[in-house]
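Two complexes, one shared chain (subunit A), two partners (subunit B, subunit C).
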Partner chain A sequence: MPRITIDGTVYEFEGRPKLLQFCLDHGIELPHFCYHPALSIPANCRQCLVEVGMPVIDRETGKPKLDENGQPVIQFMPKLQTSCSLDMADGMVVKTHRTSEKVARAQRDNLEFLLINHPLDCPICDQAGKCPLQNQAYKYGPEGSRFEFLKVHKPKRVKLGPRVMLDAERCINCTRCVRFTDEISKSHQLTIIERGVKNYPITPPGVEFDDPYSMNVIDLCPVGALTSIDARFKARPWEMSATPSITITNAKGSNCYYWVRDNLIVEITPRANTAVNDYWLPDEDRLDYHRFNENRPDGPEVRRDGRLVRVSWEEAYDRAAALLSGIEGQRILFLGSAYATVEDNYLLKRLAEALGADTPVYIPHIEPGHGDGWLRTDDRTPNAQGCQRLGILPVDEALVQSRLESGDIQAVYVLEDDPVGSGLFSAEALADIPVILHYYNTTNQTLAVADVALPAATVVETIGTYVNCDGHAQRVRPAKAIRTVNRVLMREIGKSRLDQHGTPYDRWYNEKHQVDCKPSWEILPEVAERLGHPLRYKGPKYIMQEIAETIPAFAGATYEAMGLEGVRLVEIGAEV
Partner chain B sequence: MADFIKKPVVPLPDLQPEPQIPADQLYFTEEEKQKIARFKEQYLEPAGAVMKTLWLAQEKFGFLPPEVLQLVADELGIPYAQVYGVATFYTQYYKEKKGKYVLDVCTCFSCQVCGGYDILHYLEEKLGIHKGETTPDGLFTLQEVECLGACGSAPVLQVSNGPYVHNLTPEKVDQLLENLKQGKLPPFVSLTLPQDEAELGGNRRSDAEAVESYRTPPVAHHTR
Partner chain C sequence: MAVNGVQSKAGDWRNYKRVLLPPIRDLHRLEVYEAHGGYQTLREVLTSDRWDPKAVIEEVKKSKLRGRGGAGFPTGLKWSFMPPVDDRPRFLCCNGDESEPGTFKDRQLMEFNPHQIFEGILIACYAMSVRTCYLYVRGEFARWIEHMEHELEKLYARGYVGQNIMGTDFSADIVIHKGAGAYICGEESSLMESIEGKRAYPRIKPPFPAQRGLWGYPTTINNVETLANVPLILRNGGEWFASIGAPNHPGPVLYGISGHVNRPGVYEYPTGMLITDLIYEVAGGIRGGKKLKAVIPGGSSTPPLRADMIDGVTMDAESLREAGSMMGTAGLLVLDEDTDMVSWLRRVTHFYAHESCGQCTPCREGTGWLENIVTRIDEGEGRLRDLDLLLDLCDQMEGRTVCALADAAAWPVRYTILRFREEFEAKCKPSLIPTGIDVAPTATE
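== the complex of A and B ==
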């Protein structure tokens, strides 16, 4: 197998990898700006320079020349090479900045050039704290500036489109954004204009940067030149915690980080997962965080004398159980939800079975024409496939409507959905029968007819599993704390947030904006128990374990198997 | 450029400009389209022909406003943004309307040392305009440019991306302006190279004879 020596250590490799990617894969850090694994390689930032040599081959024997110690003689290339564009070869010897003063000097000088016209915006720049230029300038750059002249001033605060703001001064012309629109999103809306010190990326006249994936250039930008209009100046990176999870705007389940400050979701950024979304996230997924912050309920309510009244959780459970207990199981309609996790739907199904009711059905939320065959889908729910794999099928609207009219349905149990708002039932039709509702937001229109309203934890507050449209099962983790004490959630928050931000054990902990809700996997067992059907689990992990063992469509899909990147259910032997 | 050093501010281009070429004139004729098709054949990808096509468009429309760039992009089948990037990169593509004759006075190192600024300021006074401006009669635009690559005959100016006028003196400038007002472009002048110094008796600064040809051999195969 071919070998390469990097800083004196020998590595074996296969094929013809590029040197920079190989180093990054093997934990050898090399500074770089323009290189991105998903984009073409222009090698224009000149930051990843290394010294490269090859063994000298004796022309007569065709074998490497050896020195007096029996070691091959290495001839180094006269100039430094950009490691991002360099194909590795057998016998190659590489010196990085760790062993070569020449390389360290080149990187330092290159940074000096990059910083000559870079404004000192760091104290107010959104990128500060997660800025590759800032980090690398600290690590490899010169200590001070020798530039005594006026810096070049370029346009600032240019709205490129509805979601992306340009600060041309900060740009180092790595062209990542231009390459993204040319190669990945193919909208061709950005270009670098002018030349020399005057150049910067912008849209051509008359073109708006309204690409549905436009905000990816914000993450690609290695400086603060492209920032999110939505998140500008809201929070510094070090004030927030980032939790790896998935977005629930559509059925793709793109991997993301939820950035949280004071128990509010501030920003959603992509998380790399080659099996689902590569490095990208559609703009709609990023801006879809208001539903976690706004119009959130404040504790459970029950209907008394026609009005919803705030009660304790125990009273709410009692009331729900009392309403259901007098009714024959067959006459209760259980509505599952494609918004809820697999675990919650499974518990609902178990409850329905225990009461002798039909298997729950779910309300599909399909928006034809919304999908683009990439990261947006027609299905606007995250877990339709998860429901179907549990045997929870889309609702037959005509059937349940006629059953409701004829009085065959005497109670409705809704898991995290909105049958009135989605047009399945009218409010009048539900007015006379008990409705028990798990809901996320106070905008839920079924609240008007609900008899017991139970606030449910959203994807950013719960633990659970979602199955995306391609059958990829992925875990979600709690990003923000809820008001109720739940030991499983508390433990998981500590685990999912490396900085422990939001747990009561650190100094940033605060109780602002905590929502009084509970995950449905806590609510459902409480109700079931009061109906005489114990449904206790030690946590969602154990529910999923049971699902993986008992339901063939989920075979093997345990939390351990899913990890951070999820699993393709087909690949671990689950039935379709 | 000197201004840029004193006050280095890059302006933001007008992102919502009014169209300047009437819609009924904004097209390529069949003949021009055939020419562009030939340009495309000369390169592996249509994008390769962008510079030639832009040049053709500039000769047709006089300058390259965004609607012309869009026309070029559509004709070549490449992104509009890419054409815009190319057009802004080269100062020889005029992004706004210029005078009939554009005088590009070089003030880069060699010309500067040999009096490039004197010539520039002389022209400014004579035409009554500042650099970057156009005379009210629309005849002349005066520009300060970077190296024109003719340092051996500094100071130099170029007329409308075409012929050079070498070894400038105020008298030569006067003569040039008179000729241009009468519609006479200066001839293309092929100057001697340093190795010909011996032939000229060691004096490279004396003018060589003007050659009425825009081409010097060797000429690329496809342009013959």
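== the complex of A and C ==
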């Protein structure tokens, strides 16, 4: 196998990798800006320079020349090479800044150049704290600057489109944003204009940067030149925690980070996962966080004298059980949910089974034309496939409507959905029978007819599993804390300061913004127990373990197997 | 200049007969060019058994023709880098973007002898089995572009360009492409980007154009003057060409002489002319009988030579390298004793700062910084330490960029300071803390 020597260590490699990517894959850090694994390689920032040598080949024998110690004679190229664009070759010898003063100096020089016209407005820059330029300048840059002239001034507040703001002075002209619109989103909405130090990216005249994926350039930008109009000036990176999870606007389940400050979601950014969304997020996924902060309920309620009144959780469970206990299982309609996790739907199914009811069904939320064949799907729910794998199938609307009308359905148990809002039932049709509702937001229209209203934890407050449209099972983690103490949630949410999860010990943890809700996997066992059917689990992990062991469509899908990037169920042997 | 005359490699240059810009009236018109034997070489190449494409390349190799675009790369060798013919398109780009300060010889060719360029292009296309050539012309040359387009139409009408040229089964198109005012478009890879309709950012090499050029296909780029030499080589033989001028860098060449001389202009002579002959004989000496201060031998990016450095130096790659400069485009800038070298350098740094495409960091930031400092010195606000900083910045730019513009910007700075340092020092203020003075008093006393 071909070999390469990097700073004296020999590595074997296959194929023709580029040196920079190889180094990054092997934990050898090299400063760089313009290189991105998903984009073409322009080698324009010139930050990733290394010294490169090749063995001298003896013309007569065709073999490498050896020195007196039997080592191959290495001839170093006179110019430093950009590692991002360099094809590795057998016998190559590379010196990085760790072993070459020449390389260290070139990196320092380059950073000096990058900073001379940079506005250095880090104190007010959203990128500060997670800025590759800032980090690398501290690590590899010069002590100060020898530049004693007026910096070049460029436009500082350019609205490129509805969602992205440009500060051209901060731009280091790496062209990542332009390459993204040329090569990935193919909208071709950005280009560099001007020349030399005046360069900056902009839209062509008359064009608005309204690409549905426009906000990805914000994360691509290695400086604070491109910022989110929605998020800018809201919070500094070090004031926030970032929780790895997935987005739920559609069935793709793109991987993301939820950024939390004061126990509110303030931003959603993409998380790389080549099996799902590569490095990208649709803008719509990223802006879809208000539902976690706004119109949230405040504790459970039951209907008394026609009005919902606030009660304790215990009282709410008692009431739900009391309403259901008089009714024959067959007469209760259990509505599962493509918004809820696999675990929650599974518990609902177990409860239905225990009461002798039909298997739950779910309400599909399909928006034809929303999908784009990429990271948006027509299906606006995150877990339809998870439901189906549990045997929870789309509801036969006509059937349940006629059953309700004929009095065959005498109670409805709704898991995290809105049958009235979605048009499955009219409010009048449900008015006279008990309705038990797990819900996220006070905008839920079924609340008007609910007899027991149980606030459920949302994707950013719970633990659980979703299966995306391609059969990829992924875990979610709690990003923000709920009011009640739940040991299982606390364990995941509050690991350490390093993870920057919001914990009671972090100063940005804010009780005011804790919603009094509970995960459905905590609510359902309470109700079940009161109906005489214990459904006790130590937590969602154990529920999933049972699912993985008993349901062939989930065979092997344990939390360990899913890890941070999830698993493709077919690949671990689960049935389709 | 008898002593120097002996050292000239240009032979009997006083009786030299011009072949690139022959003294023929209206030669730019097809009828006149044909009447003087034009396109006969092309016909010979296309129809004679002797000239298969390989033989043409061999002949060009034999001629030792080196590119006239600035880098002086052997043309025949460059052509032979083209991969074997397959079903992919292949391209030739003829570089007429001529924008380097001090260089104005391609324009003469396009104005006075465009058909020799066309003929050279067609022969080159034949040699490399290329079907399409883009002639990229600096947009400011609008008048000659218009004229060349007119002549090109005539060529199409006559069947000299296009399908089945001269009734043979060889076909080739020529497309004239106008530049839009950027010096960087003359750099071969950004020239291709520009033709592709993109922003003219130079590409990283490798891959080289012969592997992956225009639209990703095998491509060769040659300068206008380079290709205008090709019909001559095929007509008179490679050996004839190789015998003209300096043996290692032979052929006729267009010297563009500008600056403080009595008769500035473009002059055609063999390579290997003594610089002194060019200044004092060809261009009629320094204006007003003044003394020479410096010569920039090959366009503004080549290092300037002090007057005392040019004795016996001839215009060819070898001699100029030994003297500490380069042949470049053979555009000589002659500066007399009154020239303020700082002011001159200020103008040059302004040009490169203005023309840097801004793609790579050291060039984008460095060219502007160089201009800032040189301007400050020129305005009497500089300090001595600025000179070291300038040299430092040259180190930080040279060899670390995508294309050679950064080098082209750094060389004049480096060598003007090294060779005319006293002029810079005279304009600088002393540094705030003079060296050699112990500024830290000892406390123990």
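Convention: the second predicted complex is superposed on the first by the 563 of 576 C-alpha atoms of A that agree within 3 Å, B and C clash if a C-alpha of one lies under 4 Å from a C-alpha of the other, contacts with A are read in each partner's own complex, and residues count from 1 in each chain.
Criterion: a residue touches a chain if its C-beta (ideal position, glycine included) is under 8 Å from a C-beta of that chain, and two chains touch if they have at least 3 such contacts.
In this text, all values refer to a predicted model and were calculated from it rather than measured experimentally.
After superposition onto subunit A, partners subunit B and subunit C are found to clash with each other. Once chain A of one complex is fitted onto chain A of the other, the partner contacts of A:152 extend to both subunit B and subunit C.
Touch criterion met: A:207 reaches subunit B, while subunit C stays clear of it. Contact with both subunit B and subunit C is seen for A:198 once the two complexes are overlaid on the shared chain.
Within the superposed three-chain model, A:421 lies out of touch with both subunit B and subunit C [touch as defined at top]. Touch criterion not met for A:91: it reaches neither subunit B nor subunit C. Of the two partner chains, subunit B is the only one that A:168 touches; subunit C does not reach it.
Applying the stated contact rule after C-alpha superposition, one finds that A:129 touches neither subunit B nor subunit C. Of 9-17, 117-125, 297-305 or 405-413, the segment of subunit C whose C-alpha atoms clash with subunit B in the superposed model is 117-125. The interface of subunit A with subunit B overlaps its interface with subunit C at residues 149, 152, 191-192, 194-195, 197-199.
For subunit A in complex with subunit C, the touching residues are 41-47, 49, 78-80, 82, 85, 106, 109-110, 112-114, 116-117, 146-147, 149, 152, 172-173, 175, 191-192, 194-199.
Contacts from subunit C toward subunit A in the complex involve residues 182, 184, 199, 201, 204, 353-362, 364-369, 372, 376, 389, 395-396, 399-402.
The residues of subunit A lying in touch with subunit B in their complex are 149-155, 158, 168, 178, 181-182, 188-195, 197-200, 202-207. Every residue of subunit B that touches subunit A in the complex is listed here, in rising order: 5-17, 66, 69, 79-85, 88-89.
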